[in-house]
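Dropping the structures in below, format is structure tokens.
In what follows, chain A forms one complex with chain B and a second complex with chain C.
Let's look at the complex of A and B:
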């Protein structure tokens, strides 16, 4: 069983990369771009779900980690000359003005910085629970955005960073999505993951069984922040221009929507949600352009997509509180038993 | 223990010898659960000490107390409802885990061995409590009596020296209660446990415990053997009010 799943995993991932290779060779630039986004959002959703879905803590500040990752990574891949040209109002502080690192290293640095920040804020954050935790994390998300605006000698303020090398491609975005998913799933299915779920289910009982909630929540928070930070680096080198207005609460809201629609606590749900969201936000672009019905034309309304998304979210919360997946997962075992049942019915 | 103006437990003292099975009884609201909460670190007593193996554990975090060998069950069942029965028990092994989270996250073989051992041991605890056939069910889907037994299995899996049972027979029918009494007796010998239990079912308590302490309004009104307690006039009055004169509890 174990070997079979390993082989299926390898086959599945190979098939995925085969498809990506085809898109790289024959797909339009537009399609590739959507796929790039999809990979990054899978990483974001899977890591965000670890804190919100698995640990059950409504953390509303992933945009802070994404911002930190994006800026860290961008400041490392820009060449010193480019940085000197960009920072026209206030020069960039040493040593950032001379540092120059390859893309891979810059992504790791972005993740590490985000995880460090997560560690620092975990003391006030995990002192409280529930609504208070939501408010505190929301506050930190805002604080980071304000800092990105104000710390001109580090972030270049409202001007942001422009002309980043467009290093994020299908391989980076999906490679990291696959890696994150494999690691996070391993963590969730381990004894550590059980402890995190126990805290979500009943913190008092978890403590009585010897589990230290603070330690495990900080752990989940830092792992989540690390991968969010890496995704921030990927986003920065996908968009190639970053500024403080890019990673607002709006981004957090989208992530929350993704994991709620996918099913809180389900990793495969988070993936399904991310795919639906990135694909949907492109497919629904039509509602923002003029619609011609022959006799009359409905003018396009910018922002209409968000209205639709919010509507979908509302419907999910009202009619299907558990999302697409509930807390269940799509696993090879499930697929195999479903397949077996189907085959059995046919032969009978 | 003081809650604002309310003194829930006052001047309480109890000494447990290794291997003893002691009952804590008293009317509703007497402060029995509060005593458990103070012993396990859920509540920090406003004054006083909780001496455990020569250490004052009063006010230490509950997970620390649990790791020192004190386990409990809850009166209002507190299982990890959305996890399986087996997972509920496996959680109790976590605080002893040797592997770091790096090893767990990358799935190194050392961790794999530990995980298999935990699973095997957890299944043994389930078998012991007669829950093996339910291992893969969701905990919240269990019948009431089964949930109470799962609470005990989960507490046992932390390998405690002292086990605190808060109304373990509540909601069970007479045959289930008899079975439970037998089980508690067996567990005590098998695991070398000291047990302190709260229970309203007099037959259960009287048949099981060697010593009983009675609380009323946070004050100890009697302690002694079951026979002494049964006919103690103060105890009768606490339970039955004035009209219990001359009767015995049974």
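Let's look at the complex of A and C:
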């Protein structure tokens, strides 16, 4: 059984990369762009789901981790000369102005900085639970945005960083998505993961069983922050321009919608949600542009997509709280034992 | 810094703080009963501001009619919000309720963006409030005085309802023990609807006055005041109406005075409020006047 799953995993991932190779060779620039985005959003959703879905803590500050990752990795891949040109108003502080690192290293550095920040804020954050945790993490997200705006000698303030090398491609974005998924699934299926789920279900009972909630929550928080930071680096080198207004609560809202639609607590659900979201936000561009039916034209309504997304989130949470996957997962075993698997969702 | 400027800043701070206070009351009342941060509460501020604008410009009503109408419309909106987004989730896990609140907030903001557009609208401030009175060297706009006075008056009215009427008694009972209140034969949905009505009406009063103070009305204008008002509610002690008002005044005064004394911190103004929140939660989670009911591990 174990061998079979390993082989199937390898086959599945090879097939995925085969498809990506085909898109790289024959797909349009637009298609490749959407796929790049999809890979990054899978990483973001899977890592965000670890804290919100698996541990059951509604954390609203992933945009803080993404910002930190994006800035760290961007500052490392820009050459010292470029940095000197960009920072017109206030020069960049030492040692950032001379550091220069390859892309891979800069991504890791972004992840490490984000995880470090997660560790520091976990002390106030995990003193509270529920709505308070939500508002405190939201607050840290805002604090990071304010700092990115105000600390001109590090972030170049509202001007942001421009002209980053466009290093993110299909291999980076999907390679990291696959890596993140494998590691997060491994963590969830370990004893740490079981402890995290126990905390989600009943913290008092979990404590009585000898589980230290703080330690496990901090672990989940830091792992989640690390991968969010790495994705921040990927996003920065995909968009090639970053500024403090890029990663706001809006981004957090989108991630929340992805994991709610996919099913809170389900990793495969998070992936399904991320794919639906990136595909859907492109497909829904229709409603924002004029629709021409020959005889008459329905004018497009800019901003309509966000209205639809908010409605989807509300409708899913009110009428179909378990999302597409509930807490179930798509696994090889389940596929083998027929599609009855999908019907086997458990209620919360 | 002379005494005059200092006094001027105190008055400005009290004026800003009274707006936080009005909005904070709504948070604290809803939290007291439902244990829910009503994320969409700040957006009611925006709704009220637009309602007042359209009342004044579209129907060319005088301000003393269009402003109260805006308050009534916002109160209705608050009840609708509860009915549509929160009531179906009364027995759902708390996390679902909170996500629903975030969704409702985004829906309101983006609907406003689609229907009205993102270009900020000017607010038709009645010229009565523009007059400036001078006391010695102090020069104060009428507006700056009206807000705190209005807040105190509304607070008195609210305290009367909560402590002297039957529905107020039901509200206090519901915030102490939801289940037992239901067992006593009290219609909780009704009590909650009234809570939303009162909270939204106060937020609307705050919103109209906010728009008079900062006459730039846009679909996202309620977000930051909403968050700060929530912080004020936590600072004062969540669940306590008087606490929310005290917290609001303290936060407003604190923000204005810090920026007045240390102008370099002006850029960090929005972060200061969150640092206050984090410090309060770390060292005195029940706030200044709160009862120990915070959700802690």
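Keep this in mind: the second predicted complex is superposed on the first by the 338 of 348 C-alpha atoms of A that agree within 3 Å, B and C clash if a C-alpha of one lies under 4 Å from a C-alpha of the other, contacts with A are read in each partner's own complex, and residues count from 1 in each chain.
We take it that a contact is a pair of C-beta atoms (placed from the backbone, for glycine too) under 8 Å apart; a residue touches a chain by one contact, two chains touch by 3 or more.
Since the model is a prediction, treat every value here as computed from it, not as a measurement.
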item	value
Touched partner set for A:205, first chain B, second chain C, both or neither	first
Touching partner for A:139 - first (chain B), second (chain C), both, neither	second
Which of chain B and chain C A:285 touches, first, second, both or neither	neither
Partner chain(s) touched by A:195 [first = chain B, second = chain C, both, neither]	first
Which of chain B and chain C A:219 touches, first, second, both or neither	first
First (chain B), second (chain C), both or neither touched by A:21	neither
Touched partner set for A:187, first chain B, second chain C, both or neither	first
Between chain B and chain C, more extensive residue contact with chain A	C
Shared chain A surface residues [contacts with chain B and with chain C]	213
Complex contact set, residues of chain B against chain A	40, 42, 61-63, 66-67, 71-72, 74, 78-83, 87, 90-97, 99, 101, 104-107, 111, 114-115, 118, 154-155, 157-158
Residue numbers on chain A that touch chain C, as the complex places them	52, 56, 58, 60, 124, 126-132, 134-136, 138-140, 142-143, 146-147, 149-150, 203, 213, 253, 256-257, 260, 264, 301-304, 306-307, 309-311, 313-314, 317-319, 321, 348
Touching residues (chain side chain A, partner chain B) in the complex	183, 186-187, 190-192, 194-195, 197-198, 201-202, 204-213, 219, 223, 327
Chain C residues touching chain A - in the complex, by the definition given at the top	31, 35-37, 85, 88-89, 92-96, 98-100, 102-104, 106-107, 110-111, 113-114, 118, 227, 230, 234, 267-268, 270-271, 274-275, 277-278, 281-282, 285, 294-297
